[in-house]
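Notes follow the structure.
Think of it as A, B, C and D in the order they're written, each chain with its own count starting at 1.
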Amino acid sequence: MLNRLVQWARRRSPWVLHYNSGGCNGCDIEILDLLTPRYDVERLGILKEASPRHADILLCTGPVTRQSRDRLRRIYEQMPAPKWVVAVGTCATSGGVFRGSYNMLGGIDQVIPVDLYIPGCPPRPEVIIEGLARLLATIDVPEDKPPRDAAEPPAEQLKSVAADEGEASDDGD
Amino acid sequence: MTRVTIPIGPQHPLLKEPLSFMLTAEGERVVDSVLRLGYVHRGIERLAEERSWVQNVHLLERVCGICSHIHTTTYCQGVEALLELEVPPRAQMIRTLMCELERIHSHLLWLGVLAENVGFTTIFMYSWRDREMVLDIMEDLSGGRIAHAVNIIGGVRIDPDAEQLDSIRRGLDKLQQQVDTLLDVVQHERSLRVRTQHVGRTTKELVRRHCVVGPVARAVGIDEDIRRDAPYAAYDRLSFKVITESGGDVWATALVRVRETSESLSLCHQILDQLDPGDVATRAGRRVPAGEVVSRAEAPRGEVIYYIRSAGTDKPARLKIRTPTLPALSLLGEQLRDIKLADVPVVLSGVDLCIACADR
Amino acid sequence: MLSDILYVLIRLLVLPGFTFLLACALLFQWIDRRTIARLQARVGPPWYQPLADLVKLLTKESILPAEADLPICTALPLVSLAAVLTAAVYVPVGGHTTYSFEGDLIVVLFLLSLPALFYFLAGWVSVGVYSVVGGSRSLLQYFSYEVPFLMALSAPAILTGSWSISRIVGQQATATWTVFVQPLGFLLALVGLIGKLKRVPFDIPKAKSEVVGGPLTEFSGRKLALWHLTVDIQTVVGVFLLVNMFLGGSDLGPLSSLPLAGLMDALGFGLKALVMLLTLSVTSVLYARLRIDQLADLGWRVLAPLGMLQLAVTMLIGAV
Amino acid sequence: MDTQAILDALNDACPDHTFDAQAIPIDETVIEVPVICLKRVVACLGSGFSISHLSTITGQDTGTELELLYHFWSKGGLTLRVVLPYDDARIDSLTAVIPGADFYERELAEMLGVRLEGHPRSGLTEAEGFEHFLLPEDWRPGRPPLRKKQPPKENES
């Protein structure tokens, strides 16, 4: 019963954080566009939050540049569980046209685990909404588990994060 | 007073894109800043050397998601000059039309971001709602809201019919009313003026020293616009005013941008009236004869310059891009000194940063 | 005896106690967000949105930076929520008062000002740069709005000659609503309330584009939920307080003599609270955020002297 | 823009070199300038002619040497071409005359390994501990990405 309530709440109150790890702006303005009158995602309970600590879903755009990598990982670490990551746009999915560059690591999933990919260059706001809706529909809180479980990042990821912790000061920016 | 370091970015609600400003502040007063770019450095200049001339159109459209069309325009006209191609007048006109639509889109977007940054969400909502009309027009023309893929080497890819042109005219008329309202708001809304007037003030001399171009330069009274001074595409057949202001503060740049939006709307109407039937593209070869070219164009944020060198192969030997944000960032170093912390978002908005452009 | 205890318990927990306040807080938040959305040409969230937000935050992981002071960070949202809940006990709702004594106005004003201090402390102990800057901003802001707010709310008390909210409400039913006698005081109280609730144009301590989330930047999960709830309940109490002090509580003038007095009381009170809430929502759509120095200027150069004027005039009238 | 007048003035300013103008599309005048004359030439342009701004500095590796192109704008394009040898790629910084050249010059240092003499920021060379501007902090030193001999993908440190 309680788990049903929690599941209901999580599906209806996804607060998102947006991070551009090296994209061209196209996806970013489409994400910002979600908030504006034509799309108005507040209808679905989606709020764009400013601090990683307040967010449930990380919307990532752009391929990951070498300079962005640590920051992206740190933002992910700062988010409280349960959390989800959505790669918005072709670049975030695979690196897109920028594959092969000396400063590129590829898609978001090279750095943090991704729950949903939304390809498109850039994806239309409708498509982003559709993607988010599908992600929300998969959120469930099984009856036999306590409501606070998080998708464990792969072991290898954890290791590299641990290596980072020396310099990360968690100042929330 | 103790000094604190306040990081702005790379992830910060003020910035839609990552760059990092380390502000040194004494209480609410910012005394110094250190800029770090490179979070969106994709190495496009090097990538371009490894792609063919045609593939590069696709790549360069993704230098920036806001002013994508101006990049391909600058690139294509450069390559066309190397190829000594004659681009049909209709293609030139359509190119110019897209340039102006993009300027409207970019300026409305900017106004929204400015409003959002001073906490005026309502204006953000309204100006972005109006921006949707331009996006609709561009989508109608090209099939894409943000990435248009209109330019090809030798012309354009689209050929709008009379019905489309009519619907564009209707859209432009509706938009004109909205832009007039927004101009009225920018001119008269008190709390917006309180936040933007006398903020981020620059002088002609400072702007010159930092080689700043575009609306920021025009807001201190520098009467320069590549569209008029070195007409490219179809600008020599169109008439328009170059908007200047003298204030030099963020409010002045806002006025310049909103008035320019009106000017762009009138340009669009002129283009629609003068759009004669004809070819929209000429055939271009895969190889480009050896040579070099400097191509300039006026992006929404100011002068864009491309240097292209061909060694006579199917790939460029060097392609250099400089976008107007880079000098603006240089100016920001001066502006972010001895101002209030609360004015930082306003000053940053004032120069209309496009980090994706600056980092390449 | 037992029934007395039960009665008190019901009053504290159900009506007008915690459950009622919680329902009001969620309802007010929804009305507020919905109104703002409508005025911005949007649709806005569905009615259950505030509840979903609350439940979700309550069941999320609650993490803090390693340098933050964990016990204090845990305690702060709790005590500030407790402060506003306690304040609510002394504010009459639709003519019903849980507790009332001579001087309860002062207690309410004191309790309502506590969250601002806890908010500042929250920024201070959670260490992040934005938290600290936001915290010191909230303190500065507190000094700007609090004095005029206190002066504005003292004026009706002086006029009535009593520091009990119930008495001030009762007085208005026999004479006229305070807002007609002291329109200036009402305006000041409204501005002060906006400052207290940190709403646009006074959302300076939590200005996203400047200090990310302000003092709450580092808070998450349960703690964040409690902070949000504090603000929501503070909104409810503030609105109720202003309705009582200036709009005659549940008094509906000549309509009060209609049958079903209890229902009419509730209706009257509810309507007035709604009007107040809508005023808050509309205000937040109409302005850009002020700068902290502009707010201090406004507070000390305009609002405080006006508050003084209101007090002086009230005292003069009282003396005559 | 009067090309002949500029050439005359430059010939006066640097008498030991004969300046020559070349036209490239699109309406750009290119003047070749020896390394040692660059500062004098820029000063001369700045004082006598209404140069509006320095648009950018293009650095390129032509395969045999490094070439720097200083693109100026004054109601028309004017480009100064400076050629540097690979093994001694150093040039005077223009930041004292044109503060806006700062970023363009840092890019030259980073992308092509050009040494900027007299640039106000230290750390523009490896010896001083490179202060990165566009490239990531962990970029392996000594591999400016726009040099042709640098393989495009080799970036792993």
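Everything below uses one rule, namely that a contact is a pair of C-beta atoms (placed from the backbone, for glycine too) under 8 Å apart; a residue touches a chain by one contact, two chains touch by 3 or more.
Source: prediction; values computed, not measured.
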Work out which chains are contact partners of both chain B and chain C.
-> A
Most distant chain from chain B, judged by the mean position of its C-alpha atoms = C
Approximate Å spacing (C-alpha centroids) for the pair chain B, chain D = 25
Find the geometric centre of each of chain A and chain B from their Cα atoms only, then give the gap between the two centres in Å, rounded to an integer.
-> 28
Would you mind pulling out the distance in Å between where the CA atoms of chain A average out and where those of chain D do?
-> 42
Where chain C and chain D are represented by their mean Cα positions, the distance between them in whole Å = 62
Multi-chain contacts in chain A, i.e. residues touching at least two other chains, fall at 36-37, 50, 65, 67, 100-103, 171, 173
Give the residues of chain D that touch two or more other chains, as numbers and ranges in rising order.
-> 135-136, 145, 152
When you check chain B against every other chain, which residues touch at least two of them?
-> 7, 12-13, 38, 41, 43, 46-47, 50, 125-126, 129
Chain contact topology (line, ring, star, complete or other) | other
Residues of chain A defined as touching chain D within the complex = 65-67, 100-103
For chain B, which residues count as touching chain D in their complex?
-> 36-38, 41, 43, 45-47, 49-50, 77-78, 81-82, 208-213, 222, 224, 229-230, 232, 291-296, 303, 305, 307, 309, 317-318, 320, 322, 326-327, 329-331, 359
Contacts from chain D onto chain A in the complex sit at residues 135-139, 145, 152-155
Over in the complex, which chain C residues touch chain B? Could you list them?
-> 36, 39-42, 129-130, 132-133, 136-137, 200-201, 203-204, 207-210, 212, 285-294
Along chain B, where are the residues that touch chain A in the complex?
-> 7-13, 16-18, 38-44, 46-47, 50, 58-59, 62-66, 68, 109, 112, 124-126, 128-129, 132, 145-147, 354-356
